[in-house]
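Multiple structures are listed underneath, in structure tokens.
What follows is subunit A paired twice: with subunit B in the first complex and subunit C in the second.
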Partner chain A sequence: MFLQRLNPSVKAVTIIVFIIFLAMIFEPVTPLLFLMWTIFVTFIFGKVDVKKYLLYFAPFIIFALGMFWTSIVFADTPNHPDDAIRFFGIDFPKESVLTALALTLRILNVAALSLLFVFTTNTVHFILSMMQQLKLPPKIAYGVLAGYRFLPMLKDELKLIHDAHRIRGVNQAKTVKEKWQNYKRYVIPLLASAIRKAERTAMAMESKGFTGDKHRSFYRQFKIQKQDFIFPVLMLFGFMFSYLIAIQIG
Partner chain B sequence: MNAFVHVEELSLRYEMHKKNVLSSVNFTLNSGESVLLLGPSGSGKSTLTFCLNGIFPRELDGEMEGQVSINGIENRNIKPGERSKQVGVVFQDPETQFCMLTVEDEVAFGLENIGIPPQEMEERIDYALELVQMKDLKTADIATLSGGQKQKLALACILALEPELLILDEPTANLDPLATKDFIATIKKLKNKLDFGLIVIEHKLDGWTDIAERAILLNRQGEIFYDGPIRDVIRVKRTQLLEEGIWVPRVTQHVMRENPHIENPPLTVEEYRQNPLPVVKRISEPPVPAENNAMPLLEAENISWSVGNHDILHNISLTFHRGEFVAIAGPNGSGKTSLSRLLAGLRQPTKGDIYLHGKPLKQWKESMLRQEVGYVFQNPEHQFITHTVYDEVAFGLRWKEIAEDQAREKVEEVLKTCGLLDLSHAHPFSLSQGQKRRLSVATMLIDDQSLLLLDEPTFGQDAHSNQELMNLLSKKHQDGATLIMITHDMDLIHEYATRVIVIKDGKVAADCSPAELWKVEQGCLEKWQLEQPIAVQLSNIYEKEMEYVSTTT
Partner chain C sequence: MSSWRFKEIVVMAALAVVFGVVYLAFLPLGSLLVGFMGPIGYDFIFGIWFIVSIIAAYIIQKAGAAFLSETIAAMVEVLLGNAVGPMLIVSGMIQGIGAEAVFAATRWKNYSTWVLVAAGMGSAVTSFIWGYFRSGFAALDTHYVMAMLIVRLISGALIAGLLGKTISEGLAKTGVLSNFALGKQMRKDAA
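And now, the complex of A and B:
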């Protein structure tokens, strides 16, 4: 599985670059073809689980369709009345349909590129690689890593507090307003314990010699190798190809 | 002579505090020496840890006077992070010592900090994990480890850095008795194998006495009031120890209760075995007789509970009668907590029914149910709702139509019982650990529920507040309440419970009186991760000895 073995920083930078490229394209054909290319690459080189992929992709499709619909319905009156596209029994001006389509496909493209990254990258490896390749300061990187460990702990804690308050008879909230007030009541115990935990973790890290200094060695080394350039080249190929076809079609 | 650790006239005061945490602390430690540092909570033990490992004064908000030198170098003259090569600390809370996700990454983290070349790391990680017998968990996720394993991992992380001084800051306070035993045994083994100085910070002495002979004792003001052999202090200053809230080993407590003037009290079961002395045997109360026609208080009928595909409880049937003090014991992850949540009506069983006063829990109105059944969580903070201690207690009266001044009287009475009257305007979160625990008890005293469930209420608390808690609980029991308590503490079961239920793999493995449980054969108890309480062990040894004497003479 080639995408998983890729250097995470290279992958991230490539994806950001192509999102910027896409922002400069205003016709629908390039994003459509490139979208197909991205999904193709995701499945061929990433072996991503189809069901899971569709589940995560679905909200983006709904969002994109909504975007499409609003931008054609609220479009300006057409400059050339003959140049219209007709569907659902309504005439729409061709140019606004095309712009709406371009916009929609751009959203889907950004979604597909992000999912490609998310489904093939280990978060911890990404942070470690950012430290090694992109000069992310260790203070921030290890802060994020420690926080990442905290998330499930906070979730468990929230559940516990919910139960504990219920026992004291305060959680019989029915209305939205009451529920909101209940949540406000959770904030203090949750924050108090989170701050205490964070402080303890910081002390423990420091007593293991962590100073935030950039000069440190790494157990998991991330290097940029030749194979890492295949991915940007592959994507660039797809993009150029889409772009050329779009020009051909006109 | 040049000592390895040299602390001279160390005084420390935090910003916003009037009093010193530590005052004029002086001691030295030779390299490779072991010492027990004892003191009650709030005596500045952890502060001293931070002074020794070089985090203070650099990170201190407050003032520090005096000198702390390690290997001849004063703390103020070292670069940040430099000290971690000489001094390593294992902290109290197993949950918050890690910043990585897997075991190997966590051990590597310390090595990375001090710039060990990557090619050497693998070997040092393996070595460190080998020392604590966790090599087969090298790639495991830290979140899946038990508390005991986490503490051993914390130890491995420190050992990988090969420190000359190891500080253990109440390392077993958040572990159950079995994991505690295992951790202490690991330290003992390492002490024989490797050469490092050791400072064990504790307020309880059980288990540690044969690791170190020397003890340094701190009082509540943060002053050293004793520095010398541990046996002498138990003999000479026993009352002062108790006043300061330092706990002599349970074995010693039991023996000295009967023989208060003994010259050389035993500190461990092994020592007692060599020289048995008479101890009192607690005659356990007979289990509450189930009146035939009386309706049981709480009844669970064939209940099962599963989360997703994971079965947690299988087909459990239990009956609880009025006035019982039931202990629930068993290995970690066997479903004890889940069972208690079901019994309290916080979760619905997947199968089966639970009846309270003969009426299914499902049919109870939530507000009525909460007046019948109380639940005490491990962490008292979770249950606090209001912003002052007074309101917190008064909250329990809101259902009852009581006149203002009567309510005030009642709240003040409960606060007085729990020793919190002077603090009635304080915020619950600003209290000390023991006070928080007492407040959580106060809230349930005023709620006056007839059934109270407790989920390891003594876990992670200091011994002093545990004693206070148990006093309040047994008073409540005498007043006629029914208590169901999850605990790992065999001595608590022995002393207070009238009935004990052992849960193993989601099933009831035993349901009997404590006295009967201790008669179960050793191998079986071990399988349930239980052991005989100290009092039973001692009286068994004594009886055996007497038998031996009577048969030989």
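And now, the complex of A and C:
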């Protein structure tokens, strides 16, 4: 539960930093151990629903498998081509296989780090916290939040456009090609109504005194406290540990 | 920040919501393509991720529109519940810088077709450099990496540049952009 209460900006910055750390690693042991550590932290401190987690993780596994086989087939010329591993009766250079494994595990580890954030963070709080801790201008923060609120309205709008087209007899799409044509017809009216809504919303907010001034008060306050630093320290510990073991193994 | 009207920012966010849904729909498709073709699978559809930059820059025609709109689009995507998480905002900023650099080279004065296409390719270049570092393309065969870059450049030029231009002009024709640079310019041209 402690991950949910963490300051969203601290959590986001920590995750971005470790994703960048991972980009510098080209051996498989560190990302493997750190992946296990990340998943361990997610479930111990985050109380995440396992089924939902697996559902979100699945596309990354497909992605990672694609990366794995291409990294072997299209590997850079290895330095020691004689050192080979045998798979399905074909020899592959050991170096290429290890690098491919490293890149694959990196993708999975990045996915696990992202999901740790996604599953334990209220995204609206994240935007508010970025404004309060990371100096995101209020104009952008509230603009983004206002835009986000258009989502359900746009769903209704899409239905409206669909019906309007139908009344005029254009919506009898049966084949995939016709459906695609229909979608093309939706784009412009949908965007046009989104722009109109945006203009009206902005005007309404400004007429009620929104200036975008940085020195404003906040209804929901976000602060960085001492316990927020437990998370980066925890992750750093896991990363150092993984890295040191990787060096030991060689 | 003071040179930006709030209206322009909310419009960018609204565009981002519409395309955010499109982006989210493309993510699993991208994963599937990567599963079959390797990382190059993503490059075919990568241009769709830059389209907001092109549309916003073309509509608003201000310094920073391409960068800001792509950053806002990334934030909206995070809000919509994207599995990529906070890293997406960094990627969005990097994509935006590429398109912005091209518009900056024309001093934000020229929005002709070839500039829009070049801006789409600009995003392709910066996003590729970022991907090269992040996903470790250094470990791949140079020819394969070159092929990826070329496919991404074409995708950026066509999907972001040309499609972005077509959509913007379609919008301008509806009259909804009468308060924005592109709408005003269209009206002047018509008169």
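Just so it is clear, the second predicted complex is superposed on the first by the 236 of 250 C-alpha atoms of A that agree within 3 Å, B and C clash if a C-alpha of one lies under 4 Å from a C-alpha of the other, contacts with A are read in each partner's own complex, and residues count from 1 in each chain.
Just so it is clear, a contact is a pair of C-beta atoms (placed from the backbone, for glycine too) under 8 Å apart; a residue touches a chain by one contact, two chains touch by 3 or more.
As the structure is a computational prediction, the values presented were derived from the model and not from experiment.
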Next on the checklist: What does the overlay on subunit A give for subunit B and subunit C, a clash or a fit?
Outcome noted: fit
Item to check | Contacts of A:Leu6 with subunit B and subunit C, given as first, second, both or neither | outcome: neither
Next on the checklist: Going by the contact rule set out at the top, does A:Ile127 touch subunit B (first), subunit C (second), both, or neither?
Outcome noted: second
Next on the checklist: One more residue to check, A:Leu160. First (subunit B), second (subunit C), both or neither?
Outcome noted: first
Checklist entry - Looking at the overlay, does A:His215 come into contact with subunit B only (first), subunit C only (second), both, or neither? => result first
Item to check | Chain touching more of subunit A, residue-wise (subunit B, subunit C) | outcome: C
Checklist entry - Does subunit B (first) or subunit C (second) touch A:Val170, or do both, or does neither? => result first
Checklist entry - Counting only touches as set out at the top, which of subunit B and subunit C does A:Leu32 meet: first, second, both, neither? => result neither
Next on the checklist: For A:Ser114 in the superposed arrangement: first (subunit B), second (subunit C), both or neither?
Outcome noted: second
Checklist entry - So, A:Val48: does it touch subunit B (first), subunit C (second), both, or neither? => result neither
Checklist entry - Taking CA centres, what is the subunit B/subunit A/subunit C angle in steps of 10 degrees? => result 70
Checklist entry - Which holds for A:Tyr56: it touches subunit B only (first), subunit C only (second), both, or neither? => result second
Checklist entry - Looking at the superposed set of three chains, what is the minimum CA distance between subunit B and subunit C in Å? => result 7
Next on the checklist: Going by the contact definition given at the top, which residues of subunit A touch subunit B in one complex and subunit C in the other?
Outcome noted: 124, 145-146, 148, 188-189, 192, 197, 201, 203, 205-206, 210
Checklist outcome for this item: Touching subunit C in the complex, subunit A uses residues 11-13, 15-16, 19, 23, 26, 56, 59-60, 62-63, 65-67, 69-71, 73-77, 99-100, 102-103, 106-107, 110-111, 113-115, 117-118, 123-124, 126-127, 137, 139-140, 143-148, 150-151, 154, 187-192, 194-199, 201-203, 205-206, 210, 212
Next on the checklist: Could you list, by residue number, the parts of subunit C that touch subunit A in their complex?
Outcome noted: 1, 4-7, 9-18, 21, 27-28, 31-32, 34-41, 68, 71-72, 75-76, 78-87, 90, 133-136, 138-144, 167, 170-171, 174, 176-177, 179
Checklist entry - Can you list the residues on subunit A that touch subunit B in the complex? => result 124, 142, 145-146, 148-149, 152-153, 157, 160-161, 163-170, 172, 185, 188-189, 192-193, 197, 200-201, 203-211, 213, 215-221
Checklist entry - Across the complex, what residues on subunit B touch subunit A? => result 50, 53, 55, 59, 80-85, 87-89, 91, 93, 95-101, 104-105, 108-118, 121, 125, 142-143, 154, 157-158, 161, 341, 344, 346, 366-367, 370-371, 374-375, 377, 379, 381-385, 395-396, 399, 429, 443, 447
